[in-house]
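Structures incoming, each one as C-alpha coordinates.
Next come two complexes, and both contain chain A; in the first it sits with chain B, in the second with chain C.
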Partner chain A sequence: MVAMAKKISKTVLSRTDHLLEVRDFVSEAARQFGFSEEDVANIVLAVDEACTNIIKHAYQYAPDKEINIAIVRNNGTFEVKIKDNGKNFNPDALKRPDLQRNLTHHRRGGLGVYLMRKLMDKVEYNFEAGHSNEVSLVKYLSKKQSLIKK
Partner chain B sequence: MFELTITEDGQIHLSGRLDASQAESAKKEFDKVTLSAVVNFKDLDYISSAGLGILFAAQKRLKDAGQGLKLINMNQHIRDVFRYARFDLIFEIE
Partner chain C sequence: MSDFKIHHREGEGVNVLELKGYLDAHTAPDLENAFQQLLNEKRYRIVVNFKDLSYISSAGLGVFMAYIEDVRKNKGDIKLTNMTPKVYNVFDLLGFPILYEIYKDEKEAIGKFKDGKKQ
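Right, the complex of A and B next:
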(Lines of atoms letter the chains of each structure in order from A and count residues from 1; the text may use other names and numbers.)
(Lines give C-alpha, C1' and ligand atoms only; values in the text may rest on other atoms or scores of the structure.)
Protein backbone atom coordinates (compact mmCIF):
# COMPACT_ATOMS: atom_id res chain seq x y z
CA MET A 1 0.00 0.00 0.00
CA VAL A 2 1.32 3.45 -0.89
CA ALA A 3 1.02 6.02 1.91
CA MET A 4 -0.63 9.26 0.85
CA ALA A 5 1.03 12.56 1.76
CA LYS A 6 -1.14 14.63 4.07
CA LYS A 7 -1.25 18.36 3.40
CA ILE A 8 -2.73 21.21 5.41
CA SER A 9 -2.27 24.90 4.77
CA LYS A 10 -2.94 28.32 6.16
CA THR A 11 -2.68 31.83 4.76
CA VAL A 12 -1.98 34.88 6.93
CA LEU A 13 -1.39 38.55 6.25
CA SER A 14 2.18 39.82 6.27
CA ARG A 15 2.14 41.28 9.77
CA THR A 16 4.30 40.26 12.70
CA ASP A 17 1.22 40.05 14.95
CA HIS A 18 0.25 36.94 12.94
CA LEU A 19 3.45 35.10 13.87
CA LEU A 20 1.89 33.57 16.99
CA GLU A 21 -0.97 32.15 14.88
CA VAL A 22 1.58 30.63 12.50
CA ARG A 23 3.60 29.15 15.36
CA ASP A 24 0.47 27.58 16.90
CA PHE A 25 -0.52 26.08 13.52
CA VAL A 26 2.92 24.55 12.97
CA SER A 27 3.46 23.34 16.53
CA GLU A 28 0.15 21.47 16.61
CA ALA A 29 0.93 19.70 13.31
CA ALA A 30 4.50 18.86 14.36
CA ARG A 31 3.36 17.51 17.72
CA GLN A 32 0.68 15.35 16.08
CA PHE A 33 3.32 14.01 13.69
CA GLY A 34 5.23 12.62 16.65
CA PHE A 35 8.16 15.00 17.11
CA SER A 36 9.71 15.51 20.54
CA GLU A 37 9.03 18.85 22.24
CA GLU A 38 12.61 19.88 21.42
CA ASP A 39 12.08 19.23 17.70
CA VAL A 40 8.67 20.96 17.79
CA ALA A 41 10.32 24.06 19.29
CA ASN A 42 13.07 23.99 16.67
CA ILE A 43 10.64 23.65 13.73
CA VAL A 44 8.43 26.44 15.09
CA LEU A 45 11.40 28.79 15.45
CA ALA A 46 12.64 28.03 11.92
CA VAL A 47 9.17 28.81 10.48
CA ASP A 48 8.96 32.01 12.52
CA GLU A 49 12.34 33.11 11.14
CA ALA A 50 11.24 32.36 7.55
CA CYS A 51 7.99 34.33 7.94
CA THR A 52 9.78 37.22 9.65
CA ASN A 53 12.23 37.36 6.72
CA ILE A 54 9.32 37.47 4.25
CA ILE A 55 7.65 40.34 6.15
CA LYS A 56 10.94 42.21 6.41
CA HIS A 57 12.67 41.53 3.09
CA ALA A 58 10.14 40.25 0.53
CA TYR A 59 7.24 42.52 1.54
CA GLN A 60 9.32 45.21 3.24
CA TYR A 61 6.73 45.53 6.02
CA ALA A 62 3.71 46.04 3.70
CA PRO A 63 0.95 44.72 6.04
CA ASP A 64 -1.65 43.63 3.49
CA LYS A 65 0.21 40.91 1.55
CA GLU A 66 -0.24 37.17 1.91
CA ILE A 67 1.99 34.43 3.29
CA ASN A 68 0.91 30.84 2.64
CA ILE A 69 2.17 28.11 4.94
CA ALA A 70 1.63 24.54 3.71
CA ILE A 71 2.61 21.50 5.75
CA VAL A 72 3.15 18.22 3.90
CA ARG A 73 3.52 15.06 6.00
CA ASN A 74 4.73 11.94 4.25
CA ASN A 75 6.13 8.86 6.01
CA GLY A 76 8.89 10.25 8.22
CA THR A 77 9.19 13.61 6.45
CA PHE A 78 7.67 16.83 7.72
CA GLU A 79 7.94 19.65 5.19
CA VAL A 80 6.81 23.24 5.66
CA LYS A 81 6.52 25.21 2.41
CA ILE A 82 6.21 28.96 2.89
CA LYS A 83 5.23 31.02 -0.11
CA ASP A 84 5.01 34.76 -0.76
CA ASN A 85 4.55 37.04 -3.74
CA GLY A 86 7.02 39.69 -2.70
CA LYS A 87 10.40 40.88 -3.84
CA ASN A 88 12.78 38.03 -4.64
CA PHE A 89 14.98 37.30 -1.67
CA ASN A 90 17.64 34.66 -1.99
CA PRO A 91 19.57 34.08 1.22
CA ASP A 92 21.65 31.44 -0.61
CA ALA A 93 23.16 34.29 -2.60
CA LEU A 94 24.28 35.90 0.64
CA LYS A 95 27.51 34.96 2.29
CA ARG A 96 26.97 32.75 5.31
CA PRO A 97 27.43 34.80 8.47
CA ASP A 98 30.80 34.43 10.11
CA LEU A 99 29.53 34.15 13.68
CA GLN A 100 32.96 34.50 15.24
CA ARG A 101 33.62 37.67 13.25
CA ASN A 102 30.15 38.99 14.04
CA LEU A 103 30.79 38.49 17.73
CA THR A 104 34.20 40.12 17.57
CA HIS A 105 32.90 43.05 15.55
CA HIS A 106 29.51 43.22 17.26
CA ARG A 107 27.48 42.50 14.14
CA ARG A 108 24.55 40.14 13.82
CA GLY A 109 23.51 40.00 10.15
CA GLY A 110 21.90 36.85 8.77
CA LEU A 111 21.13 35.26 12.12
CA GLY A 112 17.57 34.23 11.20
CA VAL A 113 18.67 32.34 8.09
CA TYR A 114 21.58 30.80 9.97
CA LEU A 115 19.20 29.51 12.67
CA MET A 116 16.80 28.07 10.06
CA ARG A 117 19.65 26.02 8.60
CA LYS A 118 20.85 24.96 12.03
CA LEU A 119 17.40 23.91 13.28
CA MET A 120 16.11 22.02 10.22
CA ASP A 121 17.47 19.03 8.28
CA LYS A 122 17.03 20.70 4.88
CA VAL A 123 16.30 24.28 3.74
CA GLU A 124 15.69 25.09 0.07
CA TYR A 125 14.59 28.20 -1.79
CA ASN A 126 12.68 28.33 -5.07
CA PHE A 127 11.95 31.47 -7.04
CA GLU A 128 9.82 32.57 -9.93
CA ALA A 129 11.52 35.77 -10.95
CA GLY A 130 9.31 38.74 -10.15
CA HIS A 131 6.40 36.53 -9.09
CA SER A 132 6.91 34.43 -6.02
CA ASN A 133 9.32 32.94 -3.52
CA GLU A 134 9.02 29.62 -1.76
CA VAL A 135 11.14 28.32 1.06
CA SER A 136 10.94 24.65 1.97
CA LEU A 137 11.89 23.62 5.50
CA VAL A 138 12.25 19.87 6.09
CA LYS A 139 12.62 17.89 9.30
CA TYR A 140 12.84 14.11 9.42
CA LEU A 141 11.25 12.10 12.18
CA SER A 142 13.94 9.99 13.82
CA LYS A 143 13.51 6.21 13.83
CA LYS A 144 13.12 6.29 17.60
CA GLN A 145 10.29 8.83 17.36
CA SER A 146 8.66 6.83 14.52
CA LEU A 147 8.57 3.75 16.73
CA ILE A 148 7.03 5.69 19.61
CA LYS A 149 4.42 7.07 17.17
CA LYS A 150 3.43 3.56 16.09
CA MET B 1 2.50 39.27 24.60
CA PHE B 2 5.83 40.31 26.06
CA GLU B 3 6.54 42.13 29.27
CA LEU B 4 9.68 43.56 30.81
CA THR B 5 9.54 44.56 34.46
CA ILE B 6 12.17 45.64 36.95
CA THR B 7 11.82 43.70 40.20
CA GLU B 8 12.49 45.10 43.69
CA ASP B 9 15.98 43.60 43.72
CA GLY B 10 16.82 45.36 40.45
CA GLN B 11 16.55 42.34 38.16
CA ILE B 12 15.11 42.72 34.67
CA HIS B 13 12.31 40.18 34.51
CA LEU B 14 11.17 39.01 31.06
CA SER B 15 7.88 37.22 30.46
CA GLY B 16 5.85 36.04 27.48
CA ARG B 17 7.16 35.78 23.94
CA LEU B 18 9.89 37.95 22.44
CA ASP B 19 9.42 37.72 18.67
CA ALA B 20 9.48 40.27 15.82
CA SER B 21 6.05 41.63 16.84
CA GLN B 22 7.44 42.66 20.24
CA ALA B 23 10.91 43.75 19.14
CA GLU B 24 10.18 47.47 18.97
CA SER B 25 8.67 47.74 22.45
CA ALA B 26 11.39 45.48 23.88
CA LYS B 27 14.08 47.67 22.31
CA LYS B 28 12.57 50.79 23.91
CA GLU B 29 12.68 49.10 27.32
CA PHE B 30 16.24 47.79 26.94
CA ASP B 31 17.40 51.23 25.72
CA LYS B 32 16.60 52.50 29.23
CA VAL B 33 19.10 50.09 30.80
CA THR B 34 22.40 51.91 31.37
CA LEU B 35 24.09 49.85 34.09
CA SER B 36 25.01 46.20 34.56
CA ALA B 37 21.97 44.07 35.34
CA VAL B 38 20.71 40.53 35.75
CA VAL B 39 18.08 39.49 33.21
CA ASN B 40 15.74 36.80 34.51
CA PHE B 41 14.33 34.54 31.75
CA LYS B 42 12.23 32.39 34.11
CA ASP B 43 8.90 33.39 32.55
CA LEU B 44 10.10 33.94 28.99
CA ASP B 45 8.49 31.22 26.87
CA TYR B 46 9.91 32.05 23.46
CA ILE B 47 12.57 34.09 21.69
CA SER B 48 13.41 34.47 17.98
CA SER B 49 16.34 36.16 16.28
CA ALA B 50 14.45 39.48 16.55
CA GLY B 51 14.66 39.18 20.34
CA LEU B 52 18.25 37.95 20.24
CA GLY B 53 19.09 41.07 18.24
CA ILE B 54 17.65 43.35 20.93
CA LEU B 55 19.70 41.65 23.64
CA PHE B 56 22.80 41.67 21.44
CA ALA B 57 22.49 45.44 20.81
CA ALA B 58 21.93 46.13 24.52
CA GLN B 59 24.94 44.02 25.49
CA LYS B 60 27.15 45.74 22.91
CA ARG B 61 26.13 49.20 24.15
CA LEU B 62 26.63 48.23 27.79
CA LYS B 63 29.97 46.48 27.19
CA ASP B 64 31.25 49.58 25.39
CA ALA B 65 30.43 51.50 28.58
CA GLY B 66 32.13 48.92 30.82
CA GLN B 67 28.83 47.34 31.91
CA GLY B 68 27.04 44.13 30.93
CA LEU B 69 24.03 41.84 31.20
CA LYS B 70 23.99 38.51 33.01
CA LEU B 71 21.25 36.12 31.92
CA ILE B 72 19.66 33.63 34.31
CA ASN B 73 16.94 30.95 34.46
CA MET B 74 16.63 30.20 30.72
CA ASN B 75 14.56 27.22 29.69
CA GLN B 76 16.45 24.50 27.80
CA HIS B 77 15.24 25.51 24.33
CA ILE B 78 16.18 29.18 24.76
CA ARG B 79 19.55 28.10 26.17
CA ASP B 80 20.09 25.94 23.06
CA VAL B 81 19.15 28.84 20.75
CA PHE B 82 21.71 31.08 22.49
CA ARG B 83 24.30 28.34 22.03
CA TYR B 84 23.46 27.83 18.33
CA ALA B 85 23.84 31.57 17.76
CA ARG B 86 27.06 31.48 19.82
CA PHE B 87 25.62 34.16 22.06
CA ASP B 88 26.88 32.11 25.00
CA LEU B 89 30.25 33.66 24.13
CA ILE B 90 29.11 37.25 24.65
CA PHE B 91 26.76 36.84 27.61
CA GLU B 92 27.34 35.42 31.04
CA ILE B 93 24.61 32.78 31.27
CA GLU B 94 23.78 31.07 34.53
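Right, the complex of A and C next:
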Protein backbone atom coordinates (compact mmCIF):
# COMPACT_ATOMS: atom_id res chain seq x y z
CA MET A 1 0.00 0.00 0.00
CA VAL A 2 1.25 3.47 -0.88
CA ALA A 3 1.81 5.60 2.22
CA MET A 4 -0.49 8.58 2.54
CA ALA A 5 1.32 11.88 1.97
CA LYS A 6 1.28 13.97 5.13
CA LYS A 7 0.73 17.20 3.29
CA ILE A 8 -1.15 17.82 0.08
CA SER A 9 -2.26 21.12 -1.33
CA LYS A 10 -4.25 22.72 -4.08
CA THR A 11 -4.61 26.26 -5.37
CA VAL A 12 -7.78 27.48 -7.04
CA LEU A 13 -8.95 30.81 -8.40
CA SER A 14 -11.34 32.83 -6.26
CA ARG A 15 -14.50 31.88 -8.10
CA THR A 16 -17.54 30.07 -6.75
CA ASP A 17 -17.48 27.63 -9.68
CA HIS A 18 -14.33 26.14 -8.09
CA LEU A 19 -16.09 25.23 -4.83
CA LEU A 20 -17.13 21.82 -6.12
CA GLU A 21 -13.51 21.00 -7.01
CA VAL A 22 -12.37 22.08 -3.53
CA ARG A 23 -15.04 19.93 -1.89
CA ASP A 24 -13.98 16.89 -3.94
CA PHE A 25 -10.32 17.43 -3.00
CA VAL A 26 -11.10 17.68 0.72
CA SER A 27 -13.64 14.85 0.86
CA GLU A 28 -11.25 12.39 -0.78
CA ALA A 29 -8.46 13.26 1.67
CA ALA A 30 -10.77 13.10 4.71
CA ARG A 31 -12.25 9.77 3.65
CA GLN A 32 -8.79 8.34 3.05
CA PHE A 33 -7.79 9.45 6.55
CA GLY A 34 -10.55 7.28 8.02
CA PHE A 35 -13.31 9.72 8.96
CA SER A 36 -16.94 8.61 9.02
CA GLU A 37 -19.17 9.89 6.21
CA GLU A 38 -20.75 12.32 8.70
CA ASP A 39 -17.37 13.77 9.65
CA VAL A 40 -16.33 13.94 5.98
CA ALA A 41 -19.49 15.94 5.24
CA ASN A 42 -18.84 18.28 8.17
CA ILE A 43 -15.22 18.95 7.17
CA VAL A 44 -16.19 19.54 3.53
CA LEU A 45 -18.90 22.01 4.53
CA ALA A 46 -16.54 23.90 6.86
CA VAL A 47 -13.96 24.26 4.06
CA ASP A 48 -16.65 25.39 1.60
CA GLU A 49 -17.78 28.04 4.10
CA ALA A 50 -14.19 29.26 4.58
CA CYS A 51 -13.57 29.51 0.82
CA THR A 52 -16.93 31.20 0.22
CA ASN A 53 -16.05 33.81 2.87
CA ILE A 54 -12.71 34.44 1.16
CA ILE A 55 -14.37 34.91 -2.24
CA LYS A 56 -17.03 37.24 -0.81
CA HIS A 57 -15.20 39.17 1.90
CA ALA A 58 -11.43 38.94 1.40
CA TYR A 59 -11.48 39.20 -2.41
CA GLN A 60 -14.93 40.79 -2.77
CA TYR A 61 -15.72 38.63 -5.79
CA ALA A 62 -12.53 39.48 -7.73
CA PRO A 63 -12.33 36.30 -9.88
CA ASP A 64 -8.59 36.17 -10.59
CA LYS A 65 -7.13 35.83 -7.07
CA GLU A 66 -5.77 32.68 -5.50
CA ILE A 67 -6.94 30.51 -2.64
CA ASN A 68 -4.52 27.86 -1.39
CA ILE A 69 -5.88 24.84 0.45
CA ALA A 70 -3.31 22.70 2.27
CA ILE A 71 -4.21 19.52 4.11
CA VAL A 72 -1.85 18.29 6.82
CA ARG A 73 -2.47 14.79 8.19
CA ASN A 74 -0.61 13.84 11.31
CA ASN A 75 -1.44 10.97 13.67
CA GLY A 76 -5.07 11.58 14.50
CA THR A 77 -5.15 15.20 13.41
CA PHE A 78 -6.56 16.42 10.12
CA GLU A 79 -5.83 20.09 9.51
CA VAL A 80 -6.95 22.18 6.57
CA LYS A 81 -5.09 25.48 6.14
CA ILE A 82 -6.73 27.92 3.78
CA LYS A 83 -4.73 30.93 2.67
CA ASP A 84 -5.62 34.08 0.74
CA ASN A 85 -4.03 37.45 0.02
CA GLY A 86 -7.18 39.51 0.25
CA LYS A 87 -8.56 41.97 2.72
CA ASN A 88 -8.21 41.08 6.38
CA PHE A 89 -11.33 39.60 7.83
CA ASN A 90 -11.91 39.52 11.54
CA PRO A 91 -14.36 36.76 12.36
CA ASP A 92 -14.11 37.47 16.08
CA ALA A 93 -16.04 40.65 15.44
CA LEU A 94 -18.97 38.50 14.37
CA LYS A 95 -21.49 37.51 16.97
CA ARG A 96 -23.49 34.32 16.80
CA PRO A 97 -26.09 34.99 14.12
CA ASP A 98 -29.51 35.81 15.48
CA LEU A 99 -31.80 34.06 13.05
CA GLN A 100 -34.96 35.86 14.14
CA ARG A 101 -33.23 39.22 13.71
CA ASN A 102 -31.71 38.24 10.38
CA LEU A 103 -35.11 37.17 9.22
CA THR A 104 -36.66 40.53 9.84
CA HIS A 105 -33.70 42.51 8.54
CA HIS A 106 -32.97 40.47 5.38
CA ARG A 107 -29.47 39.77 6.69
CA ARG A 108 -27.58 36.60 6.05
CA GLY A 109 -24.11 37.29 7.41
CA GLY A 110 -22.21 35.27 9.95
CA LEU A 111 -23.74 31.89 9.21
CA GLY A 112 -20.58 30.48 7.62
CA VAL A 113 -18.25 31.37 10.47
CA TYR A 114 -20.75 30.05 13.00
CA LEU A 115 -21.07 26.77 11.07
CA MET A 116 -17.28 26.35 10.78
CA ARG A 117 -16.94 26.56 14.55
CA LYS A 118 -19.79 24.10 15.07
CA LEU A 119 -18.49 21.58 12.54
CA MET A 120 -14.78 21.50 13.41
CA ASP A 121 -12.87 20.77 16.63
CA LYS A 122 -10.66 23.86 16.30
CA VAL A 123 -10.80 26.98 14.12
CA GLU A 124 -7.97 29.51 14.18
CA TYR A 125 -7.22 32.64 12.17
CA ASN A 126 -3.82 34.14 11.43
CA PHE A 127 -3.30 37.46 9.73
CA GLU A 128 -0.08 38.76 8.25
CA ALA A 129 0.60 42.46 7.96
CA GLY A 130 -2.27 43.72 5.93
CA HIS A 131 -2.65 41.29 3.07
CA SER A 132 -2.44 37.66 3.98
CA ASN A 133 -4.95 35.58 5.87
CA GLU A 134 -4.89 31.98 6.95
CA VAL A 135 -7.65 30.01 8.55
CA SER A 136 -6.84 26.66 10.10
CA LEU A 137 -9.63 24.11 10.46
CA VAL A 138 -8.84 21.07 12.60
CA LYS A 139 -10.74 17.83 13.10
CA TYR A 140 -9.48 14.97 15.25
CA LEU A 141 -10.01 11.38 14.29
CA SER A 142 -11.76 9.64 17.17
CA LYS A 143 -10.07 6.61 18.75
CA LYS A 144 -12.86 4.39 17.49
CA GLN A 145 -12.30 5.54 13.91
CA SER A 146 -8.54 5.12 14.07
CA LEU A 147 -8.95 1.55 15.36
CA ILE A 148 -11.20 0.71 12.44
CA LYS A 149 -8.62 2.19 10.11
CA LYS A 150 -5.89 -0.07 11.52
CA MET B 1 -22.08 21.15 -16.64
CA SER B 2 -24.83 22.17 -14.29
CA ASP B 3 -24.58 20.87 -10.75
CA PHE B 4 -27.88 22.29 -9.53
CA LYS B 5 -31.37 22.08 -10.98
CA ILE B 6 -34.75 23.45 -9.97
CA HIS B 7 -37.98 21.99 -11.21
CA HIS B 8 -41.12 24.05 -10.62
CA ARG B 9 -44.59 22.57 -10.66
CA GLU B 10 -47.91 23.85 -9.45
CA GLY B 11 -51.02 22.12 -8.22
CA GLU B 12 -53.97 23.07 -6.03
CA GLY B 13 -52.64 26.58 -5.61
CA VAL B 14 -49.33 25.42 -4.15
CA ASN B 15 -46.00 25.92 -5.93
CA VAL B 16 -43.49 23.14 -5.47
CA LEU B 17 -39.79 23.71 -6.15
CA GLU B 18 -37.85 20.46 -6.43
CA LEU B 19 -34.15 20.97 -5.86
CA LYS B 20 -31.53 18.65 -7.29
CA GLY B 21 -27.74 18.53 -6.89
CA TYR B 22 -25.54 20.97 -5.00
CA LEU B 23 -26.74 24.24 -3.50
CA ASP B 24 -23.73 26.42 -2.66
CA ALA B 25 -22.52 30.00 -3.21
CA HIS B 26 -22.22 29.25 -6.92
CA THR B 27 -25.73 27.93 -7.44
CA ALA B 28 -27.64 29.94 -4.78
CA PRO B 29 -28.39 32.77 -7.29
CA ASP B 30 -30.42 30.25 -9.35
CA LEU B 31 -32.65 29.60 -6.35
CA GLU B 32 -32.92 33.33 -5.67
CA ASN B 33 -34.14 33.84 -9.22
CA ALA B 34 -36.73 31.10 -8.80
CA PHE B 35 -38.07 32.69 -5.62
CA GLN B 36 -38.03 36.14 -7.17
CA GLN B 37 -40.04 34.87 -10.10
CA LEU B 38 -42.65 33.32 -7.79
CA LEU B 39 -42.93 36.58 -5.85
CA ASN B 40 -43.22 38.61 -9.06
CA GLU B 41 -46.12 36.38 -10.02
CA LYS B 42 -47.62 36.79 -6.54
CA ARG B 43 -47.30 33.10 -5.78
CA TYR B 44 -46.78 32.88 -2.06
CA ARG B 45 -47.68 29.30 -1.16
CA ILE B 46 -44.38 27.56 -1.66
CA VAL B 47 -43.14 24.07 -0.85
CA VAL B 48 -39.47 23.26 -1.40
CA ASN B 49 -38.77 19.56 -1.88
CA PHE B 50 -35.17 18.60 -1.03
CA LYS B 51 -35.41 14.93 -1.98
CA ASP B 52 -32.67 15.07 -4.63
CA LEU B 53 -30.53 17.76 -3.03
CA SER B 54 -27.17 16.23 -2.11
CA TYR B 55 -25.52 19.26 -0.54
CA ILE B 56 -26.28 22.64 0.96
CA SER B 57 -24.02 25.36 2.42
CA SER B 58 -24.99 28.51 4.31
CA ALA B 59 -25.18 30.42 1.01
CA GLY B 60 -28.13 28.17 0.14
CA LEU B 61 -29.78 28.62 3.51
CA GLY B 62 -29.38 32.38 3.17
CA VAL B 63 -31.76 32.36 0.20
CA PHE B 64 -34.60 31.08 2.39
CA MET B 65 -33.87 33.79 4.92
CA ALA B 66 -33.96 36.44 2.23
CA TYR B 67 -37.45 35.57 1.01
CA ILE B 68 -39.39 34.15 3.95
CA GLU B 69 -40.45 37.50 5.36
CA ASP B 70 -41.87 38.84 2.09
CA VAL B 71 -43.71 35.57 1.53
CA ARG B 72 -45.24 35.57 5.04
CA LYS B 73 -46.22 39.24 4.78
CA ASN B 74 -48.34 38.17 1.86
CA LYS B 75 -50.04 35.45 3.91
CA GLY B 76 -47.98 32.70 2.36
CA ASP B 77 -45.21 30.46 3.58
CA ILE B 78 -42.15 28.53 2.45
CA LYS B 79 -42.44 24.97 3.79
CA LEU B 80 -39.50 22.61 3.50
CA THR B 81 -39.80 18.87 2.88
CA ASN B 82 -38.05 15.55 2.17
CA MET B 83 -34.61 16.51 3.46
CA THR B 84 -31.90 13.88 3.73
CA PRO B 85 -30.35 13.69 7.24
CA LYS B 86 -27.18 15.35 5.90
CA VAL B 87 -29.07 18.38 4.58
CA TYR B 88 -31.38 18.55 7.62
CA ASN B 89 -28.33 18.64 9.89
CA VAL B 90 -27.19 21.95 8.37
CA PHE B 91 -30.62 23.54 8.83
CA ASP B 92 -30.73 22.19 12.37
CA LEU B 93 -27.28 23.54 13.30
CA LEU B 94 -28.41 27.02 12.33
CA GLY B 95 -31.69 26.81 14.22
CA PHE B 96 -34.00 26.80 11.22
CA PRO B 97 -36.53 24.29 12.62
CA ILE B 98 -37.74 26.99 15.05
CA LEU B 99 -38.61 29.42 12.29
CA TYR B 100 -39.50 27.21 9.35
CA GLU B 101 -41.98 24.38 8.98
CA ILE B 102 -40.05 21.28 7.94
CA TYR B 103 -41.96 18.14 6.93
CA LYS B 104 -40.89 14.62 6.06
CA ASP B 105 -43.19 14.49 3.12
CA GLU B 106 -44.30 16.95 0.45
CA LYS B 107 -47.96 15.89 0.69
CA GLU B 108 -48.01 16.76 4.36
CA ALA B 109 -46.75 20.28 3.62
CA ILE B 110 -49.29 20.79 0.82
CA GLY B 111 -51.98 19.53 3.20
CA LYS B 112 -51.02 22.21 5.73
CA PHE B 113 -51.64 24.91 3.14
CA LYS B 114 -55.04 23.42 2.44
CA ASP B 115 -55.92 23.14 6.17
CA GLY B 116 -54.96 26.66 7.08
CA LYS B 117 -56.81 28.90 4.68
CA LYS B 118 -55.06 31.87 6.22
CA GLN B 119 -51.89 30.70 4.57
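Annotations
As a convention for this text, the second predicted complex is superposed on the first by the 134 of 150 C-alpha atoms of A that agree within 3 Å, B and C clash if a C-alpha of one lies under 4 Å from a C-alpha of the other, contacts with A are read in each partner's own complex, and residues count from 1 in each chain.
The criterion applied here is as follows: contacts are C-beta pairs under 8 Å (C-beta built on N, C-alpha and C of every residue); 3 or more make two chains touch, one makes a residue touch a chain.
The model shown is predicted, which means the values in this text are computed figures rather than measured ones.
Applying the stated contact rule after C-alpha superposition, one finds that A:E49 touches each of chain B and chain C. When the shared chain is aligned, chain B and chain C each come close enough to touch A:L115. On chain A, the surface touched by chain B in one complex and the surface touched by chain C in the other have residues 16-17, 19-20, 23, 38, 41, 45, 48-49, 52, 55-56, 99-100, 103, 106, 108, 111-112, 114-115, 118-119 in common. Residues of chain C touching chain A in their complex: 3, 22, 24-26, 55, 57-59, 61-62, 65-66, 68-69, 86, 89-90, 93-96, 98-99. Chain B contributes residues 17, 19-21, 23, 46, 48-50, 52-53, 56, 60, 76-77, 80-81, 84-86, 89-90 to its touches with chain A in the complex.
Those residues of chain A that touch chain B in the shared complex are 15-17, 19-20, 23, 38, 41-42, 45, 48-49, 52, 55-56, 99-100, 103, 106, 108, 111-112, 114-115, 118-119. Looking at the complex, you find that chain A touches chain C at residues 16-17, 19-20, 23, 38, 41, 45, 48-49, 52, 55-56, 97, 99-100, 102-104, 106-108, 111-112, 114-115, 118-119.
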